[in-house]
């Protein structure tokens, strides 16, 4: 049984009279020990998707549909207080920038301790000990002396380690990482990535790793899902995605990426991603797609398996593309 | 109410019972059930903005003297507030054959509150303190304030232990009323604390003694159980400075005080309805504008007359002040036996006022500046009163700029006269206890500084002559006639711009008993008690 | 020689272009500012009240048959709703509506004139302080710090007490109160502008101080300074009326709302509705200015 | 500590300036101080003597230095109007003003914070709009007028609370009695700061709510009140600064409110001293208020650095 099973998750925000469709019918599943990388440009909805999994996007102005089955429980129907006892305990999240994700006016020790004590019945003293352990675990030297430090007194890498320590404090089954290395130097990036990988090895947690940078993801994930305009447009194993990118968007993304060391001219993707409140009919990538045909503007392509474990949502991959006259106006 | 407090010996009061009078008036009237009883705490909301100092000449005008001076100390002769006559005080009797040498037989068995015995040597000590520049405890601050009362004294001596003799420069039939103003302090206390600090530890022979002073907030007095006239009935007497009428009224309604001096006039009907005792009674008083007659425009009598005729004093008394005053024609109040019945009254007449002003050379009007107090003893409600006058005078073209000062500051300005800090003023609004003392006519309209306070630059030889005669007179009735004539001269010369006579409005809680409504500014608090 | 002149010309051209761009930018922001205000109902309401106040103040003599300074003592303290005196009469028997209409004149003047005056002086000091480097700035700011060391009302009261009561002195004491804060805000704004690239460019291009101040500085500091200054009018109204209430501002018989409250204080207990009316006016007018200032700040988008 | 010390050093020129202002103000006042000191009918030598005691015969700079050297030692001379040492008057007055000020500050801080938090957490809802309106009303209302209205309502009409003074007769030590007396003046005085503080709390909170770490806190599974605690700690900073400034406002507003309530504080003292042209009291009072205000700013600075770890403590 998969650790996480997401079916047709959609998230939309009301903004005045407009409604932004940030996540648009995503389905995915994840086994324990598995790492799923989600890549896409900023604004593709990957971050929203991630937050939705934790119920962090819930608000009167948000509409969420679909199912999130986590470890045998349905999360979408949970009350806020029930959900909050799942968060940080069974599912945790590592944010992009620890500088802004840590509370600047509390010492990091306090921030660790409050997480531990929220979910585990420990005395203050025991929680402190545990905090020291955790800091040591994420590779922070002389952890005890760091407890009283404030986030701004630490280096970027160290802060990120603290974040990770907070995230793994209660041995979560699922770790959601929202571009956790983007704000870091390249060398530090690698350290943090390998730390996450190590921790996973130890605990067996599942990880969803969101990034706009395939290069960062490639080294630690098992599978990659490519998101565009709130949809998964392609998914497959790392090998499949990198070596046989089938969606024009994936291809463009890969082409734009330097870190993979691809040869040839660097091709940036033309144009901008569509605004989530004005999604085009049909394939959302069509306006930017150099291979677009008429049918691309007609209906949204479905995710279709093109080989074992490799799905693509593109009319080009369909055996029978929908004809142009089916275009709905 | 600073100066000129002289009072007629024989002034029997024809007390006017006003419609708003609740507590009785006159010599004996008091609330019927008030015959018996004692105790309680009387809390007075007074009009001064600050506690008066407590030396033998308290500041804050006559209100300081009324509530502090007369409660702590006694004079040789008491100015009976209820009967308008002289009572023996620290002197059990006095006599003078020639009105020049006065012999005072001191009351025996009286002690200051600190136990010091009252005798001729303590009397001489006190006189030395204000008259003998070579005396170790000579205190110029107080001496200066008493100059008008002591100006005639050339020498004094203790004849024996209980007899004091005072010799004057010349015959002075006004002297006994001057003597009522000289209070006696314990020589021991003055020696102990020194002149400057003495006022913080005052000791007299009076009905009350100081228990506690909270500067600017309150003065707590306790009765002097051994008071020679009999111990006061109260358990405690508290004075609170509340310069604002509305504050006094609010404090009365919320029971923070049970005696309010002059509350806002408009509240009088409400106060009565709520069952409080409203007390008024005519007494020697005038609220006037003292003109600077040494410079234009008030050097011209026509301007002064125009000014007076422009004020509808009846409307002011009846409407603005809700009957808490009576219109004034001159400095002397009508109930007095010194009132000049034949003197001209300058009735309200706008047309005549305008003509007079034009005739005086101001067809286009004139702008003047008048200093005035913001509150204080006998000043009634200076803000609405001055504003009313301002409006009235504007109708004939006299534009007044009123400048407001604290009462104590106004007293100082008054003392300095128009040559001092008031040099740019044409007048000063002032409350005078005119006619309280026999010598008021002389000190106010004849004598210049420092013996008197004729600051307006007024001179009338005829008046000087009359006063000299009255002073030397040995026949009280004849003297009073001369004085009344003198007041008439002042009134017809318009040496003061009369506005209204105060009726001494005060409001008491129904629990305050035993007050004998005074016929003068002063009040005897020994008879008062507060029921539970 | 030739070359250098040529270069200068070139720079001047650049400079002019900069200026043109900026002017355009300014007009754009100005338009959107007005548009924003236009679509703000609160701003409309506040403006309506202020315009009404200005209108009634200007036309006061034509709106009432009564005199603001003299009344009929026989009609004193009439209650609200008395025929002929809709808001009643005051303690001198003067019509309250008339007093309030005329009182609005003083209140508006004392809200706007001192702030405008302080704006000129404080703005100039702030520009000088911010523009001409650290030394000048510290001298000016240290001096102004002294005025900053007093709460506004205390300073106003102290100066008014020293100068004596009267409208004229209020017009002296109030601006003094506002000069220091305006100068400080201006200096800060100038410093921020100084850090921007175009400003540096203009400096390098050799434009005179006066040119730079005129074209670059004033335009760009206008928003934050204007937004700040707009908050002061309400305060000025309140401080001025407080002075009058204490007897340090407008003196009788001139109608002014604070002074009216002072003279009606005794009547509070018998005619409370009449006596509190001037307070309502002070409140509403200060509120209108504060609301408008709020809307202006929103529209200028300067709120942090 | 060094930081505090530096702040003090920085304040010295300002404090010096305050003394100059305090000294200069009273010398441009109309009316000569000598006339307030000695009765004009006093003899010339008495006059001269008193002038000499008060140093009024010396040139102004000398008078200033004299005054300053005495002031530094806490000796402000004798009150001309009240004939007691000025520092005795001030000591008592400042104590009473502080009672009122602290009560008003407490009222405005608590009310302002609660309202601001309510508004900030319910952005756009009716309670937010109500608080915003109340906030603007607070800064637009004349404190003395509010005081008058409250006296009519609560003292006169309803008779719930006393209308003036600091305590009832014979109840000097009674804290409850003092509380009853302080309620109306404190609310009247604190109403404007409530407006300012609630607006500040709201704005500050809205800014904090937008920050990433709030999401992170939710992601940690923290409960609402725990998150609120983080929000408040973060929002506290600008609020504390504003509260500090508002304390200065309270000092100013107290002149009006104390006058109405006959509260025996610094404001009332200053007001009556102005009427009396009591120069030593006015000088000392203004000096005291200015100094207090400067010190208060230093304290606020210091508290800020204590609350915000991002401000380096050296």
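Letters A, B, C and D name the chains as they come in the text, with residue numbers starting at 1 for each one.
In this section, a contact is a pair of C-beta atoms (placed from the backbone, for glycine too) under 8 Å apart; a residue touches a chain by one contact, two chains touch by 3 or more.
Here the structure is a predicted model, which is why all the values come from computation and not from measurement.
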item	value
Chain-contact steps, minimal, separating subunit D from subunit B	1
Most remote chain, CA-based centroid, reference being subunit A	B
Per-chain CA centroid nearest to the all-protein CA mean	D
Interface with more contacting C-beta pairs, comparing C-D to B-C	C-D
Distance between chain centroids, defined by C-alpha means - subunit A, subunit B (Å)	92
Separation of subunit C from subunit D, taking each centre as the mean of its C-alpha atoms, in whole Å	24
Chain centre separation (subunit A, subunit C; CA means) in Å	53
Separation of subunit B from subunit C, taking each centre as the mean of its C-alpha atoms, in whole Å	49
Subunit B, residues touching no fewer than two other chains	244, 250, 253, 374, 404
Where subunit C touches two or more other chains, by residue	164, 265, 268-269
Multi-chain contact sites of subunit A, meaning residues that touch two or more partners	none
Set of all touching chain pairs, with the criterion as stated earlier	A-D, B-C, B-D, C-D
Subunit C residues within the subunit B interface of the complex	69-71, 73-74, 76-77, 91-93, 164-165, 247, 251-253, 262-263, 265-271
For the subunit A and subunit D complex, residues of the former touching the latter	51, 54, 56, 81, 84-89, 92-93, 95-97, 100-107, 114-115, 118-119, 150, 152-153, 163, 166
Subunit B-facing residues of subunit D, complex	30-32, 35-36, 38-43, 46, 49, 81-84, 88-89, 92-93, 151, 155-156, 159, 161-166, 168-170, 259-260, 262, 264, 268-269, 272, 275-277
In the complex, subunit D residues that touch subunit A	211-213, 215-223, 226, 230, 233-234, 237, 307-310
Complex contacts: residues of subunit C adjacent to subunit D	142-143, 145-154, 157-159, 161-164, 234-235, 238, 241-242, 245-246, 248, 258, 261, 265, 268-269, 272, 275-276, 279, 282-284, 286-287, 289-291, 294, 303-304
